[in-house]
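Here come two complexes built around subunit A, the first alongside subunit B, the second alongside subunit C.
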Partner chain A sequence: MDKTKGTIGTREFIAIIILTIGTKLADDTPSLFFSSMGSAAWMAPIIIGVTTILPVFFILKIFAIYPNKTFVEIIKEVFGKYVGFFVLFALWIFQIYALIIDSSIYTDIMGTMYFNDTPTIVIYAVLISVAAYGAKKGFEHISSYAWIIIAGVKVTALTVLVLIVLQGRPEFIFPLFGTGKWEIIKGSTSYISIFADLFYFAFIASYLKSTKVLKKGMWIGLAFITIEISTAIMSYVMLFDFNGIKLIDYPYHESIRTIQLGFIRNTESLFFPFWLIATFARFSFYFYISVLLFSTLFKISQKEFIIPILATLIVFFGMIPETPTFAIYTLRGEFLKLVTPVFLFLPFVIWVLAKLKGGSINDKKKAAE
Partner chain B sequence: MIKRKQLSKLSCLFLMLIFLSGCWDQLAIDERAYAVAIGLDKGEEENQIKITFLITNPELSRSEGGQGSNEPPREIITFQTNDLISAKDMANTVIAKQVTYTQLGYLLVSEELAKDKNFVRLMYDVAKEPEIKRGVRLIVTKEEASQFLEKTQPKLETRVHKFFELILEYGIRTGYIPDTDINKYFRITEAKGSIFLGIYATTEKDTSDNRKGEDNFIAGEFNAEGQTNNSEFAGSAVFKEGRMLGTLTSEETRLTILLNDTLNSGHMLTTFPDPFDREHQVVTRLVKKRNNEVKINLNGDNPTIDITIPLYVEVLSNHSMINYAVDSKKRKILKNDIEERITTKFDNLIKKTQKEFKGEPFGWSLDVRKQFPTIPAYEKYNWGEKYPDLQVNVSVNINFGQFGKQSEVPALEGSGD
Partner chain C sequence: MSEQLSLDPISLKKETISGNLQSTMEIFNSFYSIPINSDVKVRNLLIGGLNKKASIIYISTITDSQVIENQVIKNLLLNSDDSKEVQDILSTKTIKNVEIIGDILKEINKGNVAILVDGHSIAYIIDASKFQGRSIEKAENEVSLKGPKEAFNEQAVANISLIRKKIKNESLIVEITPVSVRANNELYILYMKDLVNDELLQSVKERVNSLDVASIQNLSLLEQFIEDREKSIFPTILNTEKPDRAVAYLEDGFIILLMDNSPTSLVLPATFWSFFHLSEDNYLRILFANFIRSLRILALFITLFASATYISITNYHVEMIPTDLLLAISATREIVPFPSVIEILLMEIAFELIREAGLRVPSPIGPTIGIVGALILGQAAVQANIVSPLVVIIVALGGLSSFAIGDINMNFTIRLLRFLFIISGALFGFYGMAAVFTVILFYMLSIKTFGVPYLSPMTPKYVSSKDTVFRKLLQNQIFRPGYLKPKDMDKKAGE
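Now for the complex of A and B:
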């Protein structure tokens, strides 16, 4: 945390953005849109992506005002000591909550789709311990891991996409406007927060080589995930039709077990491992952010020691809900709706406050000295 | 020192291999009984089913190489159960290994059960069971599925799953059976108003001579003689709202495949009477190289669908010995004659679906839904109810290809030339 400039380049940064948010196409996120938007669900990521331009724009603006500060320092500066603490604490709560419910969903996916006989706690513990190990290694390691695996993950995802499109029917995306234009706007804007992870990437801005990397990474990452998730959702509709897709909990996993690769029948065993390593990258990053926020909040200098405690807590909290497929799905949906306004307006508020406090002048003065 | 560090790192890597075994879900492939086909019949009591497992012997592929055990290639068990899922455990009462569905490729259902009103409930077991894939093919058998599986004893394909795979693959290629799977069954059932086609099969010979034409028959009517397997796959079972209504013959299935762009059509060898010599037949190969042109007009009092089917026809042989290759006028007459014949057949089939099944197996709902901007508008229109009264105009557009390997034939005495 004491370093102001790190070593992470654009490609690693883009890779981790794509893996953290892009992996959402393969969990229950698409299901959020299918029930309310039907065949037009693919429009949701595009609307969300376009709306997300605003918060990302302000995040980048903030860093233009304080180029040499970490995001934590910026928040503390613009909000003052006490409000700043409260904002960071709220952000930490959101992050840890997201981590708990998302990891619970992923455990459920592995449990119901692949490992039927393995106890949930074992799957959960393995998942979280890998994530914890990644978090312990630090962000540099996580991002280089992301860069190493991204090619494999995306090539397999592309293969799946091509197979789905070949074996599905493009006509299924009609009627074009799904349940209606108003429903599309309503359905997608409530879930803008599925891209909220972009906001948390601001916390690791100080590890990047320069603010240029941040800028480039954010824009390219945003464009990529928007297109990626939208195409994925469209392909699920092509395979199952809008009636069928509503009934399916995890479209990606149902797709990879439906498609056939020539004579190979059980194709999911080819694609599942890549999904798994992408999942590890995602949760390592989530875990890392939680640890980072927690340690700065409570001024813990040795971050390594809180990792096992947090890991244990996450597993226990994540195990609480009964029938996670439904319980977590509802919890997650409501949570995403709740976070949406925060994600939309917080960057703007910080930017306005930063402008008012005249941070740029102070910084420039310091730089001049 | 560095060496020891590397060694410990390496040993850690090997320790990771333990995780690859899959914890509690580890599979020992020789301790599993692979059900490649499941047969479902009506049970003795209401809401009960009789389930049949066709379990293949994976060791056999090894023994084909020469040395090996003398174990039979397959095992069949039938028992009463409540559903597909709990049957896996019940099977263990007689089978030593654990039954698994991971290699399941075919679901056979007796016609009696498929026509039962509770059949849909049973099918959703398939959607819920994680081991069953949606690519499983649905086969309806005329007799009980258990009997069908017992009597299916392929002569040359000792590995029974290979037999199913091949016979269905070539059946689909020739168009005698439709190319369908469970995913399609669910999709069409959920969409309402359209018709799903399953594969129709039987081992019972129908000697009553119902066969309507050379390639117009249904499984059981083919009556092959000789020393071969008894099971026949031909025609399709018609499902509406998840329940079986009736059957289509092999010719009707072929026509449906030509009308439906979502079904893959292969090469269909078929015959037509020669327009110059009605006693003899023209042997042709029909290929559909392009998609149909579908024009839909839903406005007004008389909603219509206009369909143009592009067909590529190769005349492979004609017993009338007419030299079509040299006479373009005769070719034209032949073309018109075939077009007319196919169009009449299409019209009859469409009337049958409108009257008998009150639904279409042609996938036109996909074209219809393009006409509506939103799902509520499309659902309000209720395509399934509108279809029986719809005016459908079919026209066939034939393009002649080659006329056999040798295009000309000698003039015979008494031939039409």
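Now for the complex of A and C:
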């Protein structure tokens, strides 16, 4: 009587997209744009969002050709056995690298902003253990979890936004084009890969109720996160001005330290738990995708056994940089630039190959029916 | 016959009775150890008219003597017509013919009367059972202000009658099935034939029939045998003592289990929301109902988080408190020798002790417990500088709130989880609490009871009347819960 298999609906899917990518507004992602674009940094998510329409469009096209296959099967089919393996392996490396770096940053946020005395490894271990537990439960439960918490997370985020706008100075967003139009284009297009998670959502398409859910979820999710991150960045500028913000690594956390809510002078502990539960959702999904890719790559049927091993490895690798605030920031920036072309062109390449190869097979099948 | 007696009792029970009354009675005498067994009675008589010897066997403590005297013995003795069959002589409402010895024994054990007639190789079974028990009383655990007050009692027949009173429809099925081997405990499975999902019904029946236990006295024991996760902290089967609530579930396509000796019914499969709801929620007008729902969810969060939040704030997030309050807290904490987590744990455990002892204490000494609890553990502890006054307030608030979760099982769940949050808050502040919260939520999402996800219809989504945290207008509750896959989704059509 397993009635939940493949029952992830649009709302759960949108929720996990928003929490996975939207949470980036509350880590060091905004800082990537401030240094090169100044007060115009809020334009970057919009440019990125508009550009991302292309890869998302091709991802959806691919699923139109192969509606009943998983993304792994599609990649293996269009690239062949060996190249397919290589592509999947590369994708897994990108994914696990992102997971290590991002979790390291989040641990650093907690360590520097909230728990100065707690050893880093303890914070890190708790974060990854919870993510591993979520990954073990599977994608259905991760997305359901996202749906349950999203209302709380977004209501508090909206409260923060309103408080920032009320207590900040709107005129700080000028000059509108910050460091110049060319700089904006250059600065934002290098980091298109901050939305690359959308590509990884293709791997769980087979868990969704239908491809319609995938389509709807991707578009609504993309629109939402674009507006959300852009608004958030704009609000940070209003609060700190473009010079001040360049000195700040984690603008969201500095913001909730700066704003006041009535008689509560220090609101950060009020908003911190909601940021945390969103963070857990994000890393559970990241972890899940890593496990999924790893187990399909090396044909491991019992995923439960690789989860503790991966978790331990992630903590150890993530602990290597000694000053994560700076080291990881640089590592992440360079990595994002590296992945950008992959994320931009891989869906297109797969689609072209699928059109050449799979399309004909599909037509034959249809003709046979 | 002596060879039949020499058989062992188990194989003898499978034999049929012979037409020889004397030898048959020897078998029954040996089974019931007559005359040592004092309440098993045998009445020998000669049927008038037919001129045949007959024996009547029954257990006097569980039978209705009126029925035996007026409808059985009187008719048999006073008959004068020699052409009548035994069935036609008796004026009882039911009569059943049974041949197998084991089955006859079962009927007698249930309080029925067996009539054995010389020359007849069947026994006539007359329905005459009358067990002693309570009458129908008010619900004690599920108090409601509006709506029906009557509650189930320990007699399944009375309970079924209460349910039939509310559903006057032929599609309400009452199935009976034995659940234990030795004590012959019977389970009543109630469902609406035209609503219940057959797969669900089948899996419930399979689980019940697969039990191999000597005795299951009542539903509280059965519940533990048939639930999905025996060791889980979350209950998955709902207990309710109110027939109106059971009927509401029946009409949504749920399955109800009833048993003798249980002043309650089991509702399955139960989701988290069924533990959260009360029947009162639907009886009150929508605004008031949702008001008490919001109070209940607030109480749930206070119970879970109040003490843990206090520990987290005082240990890790001090800057959050306004300075004046912080100074006030630290002034009261100054003279207390313990860290705040010890303080909280002391009071929490004291509260749990008062609660448990208060429940078990014989009622004449009851008020004493209140005095001891309130005065000594509260006020005196503060005066002795063992705990600070704020801690007493917080623990009392949390303890009080926990009573707003009416269901006994869920109440335990919440009370135990509270300690988990206290420990995690003491270790990692809000970070630990958020981590534990996440893990618990993941765990809850992974629970399935008879194939139904625990938090549905919130997530995963199913078509339903969306009765989760808040309820909708009764006019808008037009769907049965989709996670049960009922045969008829629409509450209006087909009725």
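Throughout what follows, the second predicted complex is superposed on the first by the 354 of 369 C-alpha atoms of A that agree within 3 Å, B and C clash if a C-alpha of one lies under 4 Å from a C-alpha of the other, contacts with A are read in each partner's own complex, and residues count from 1 in each chain.
In this section, contacts are C-beta pairs under 8 Å (C-beta built on N, C-alpha and C of every residue); 3 or more make two chains touch, one makes a residue touch a chain.
Small disclaimer: the values here were computed from a predicted structure and weren't measured.
K.L.:
Under the superposition described at the top, does placing subunit B and subunit C together on subunit A give a clash or a fit?
P.N.:
When both complexes are placed onto subunit A, subunit B and subunit C end up clashing with one another.
K.L.:
Of the partners subunit B and subunit C, which touch A:Q260 in the superposed model: first, second, both, neither?
P.N.:
first
K.L.:
A:V126 in the overlay: touching subunit B, subunit C, both, or neither? Say first, second, both or neither.
P.N.:
both
K.L.:
Touching A:T112 in the superposition: subunit B (first), subunit C (second), both, neither?
P.N.:
Touch partner of A:T112: subunit B, not subunit C.
K.L.:
Could you look at A:F280 and tell me whether it touches subunit B, subunit C, both or neither (first, second, both, neither)?
P.N.:
In the superposition, A:F280 touches subunit C alone.
K.L.:
Go through the superposed model and pick first if A:L176 touches only subunit B, second if only subunit C, both, or neither.
P.N.:
First partner only, subunit B.
K.L.:
Under the stated touch criterion, which partner chain does A:V237 make contact with: subunit B (first), subunit C (second), both, or neither?
P.N.:
Neither: A:V237 stays clear of subunit B and subunit C.
K.L.:
Mind checking 272-280, 380-388 or 416-424? I need the stretch of subunit C that runs into subunit B in the superposition.
P.N.:
Given the superposition on chain A, subunit C and subunit B clash at 416-424.
K.L.:
Based on the A-chain superposition described above, do subunit B and subunit C contact any of the same residues on subunit A, and if so which?
P.N.:
In subunit A, residues 114-115, 118, 122-123, 126, 265-266 are touched by subunit B and also by subunit C.
K.L.:
For a test of understanding, state which residues of subunit A touch subunit B in their complex under the given definition.
P.N.:
38-39, 112-119, 122-123, 126, 169, 171-172, 174-181, 239-244, 247, 254, 257-260, 265-266
K.L.:
How about subunit C: which of its residues touch subunit A in the complex?
P.N.:
199-200, 203, 313, 316-317, 319-320, 322-323, 428-435, 437-439, 441-443, 445-446, 448, 450-453, 455, 458-461, 483, 485
K.L.:
For the complex, give me every residue of subunit B touching subunit A.
P.N.:
On the subunit B side, the touching residues are 19, 22-25, 102-103, 105, 127, 130, 133-135, 183, 186-187, 190-191, 262, 366-367, 369-370, 372-378.
K.L.:
For the complex, which residues does subunit A have touching subunit C?
P.N.:
Against subunit C, the touching part of subunit A is residues 1-4, 7-9, 11-12, 110, 114-115, 118, 122-123, 126-127, 129-130, 133-134, 137-138, 140-142, 144-145, 147-149, 263-270, 272-273, 276-277, 280-281, 284.
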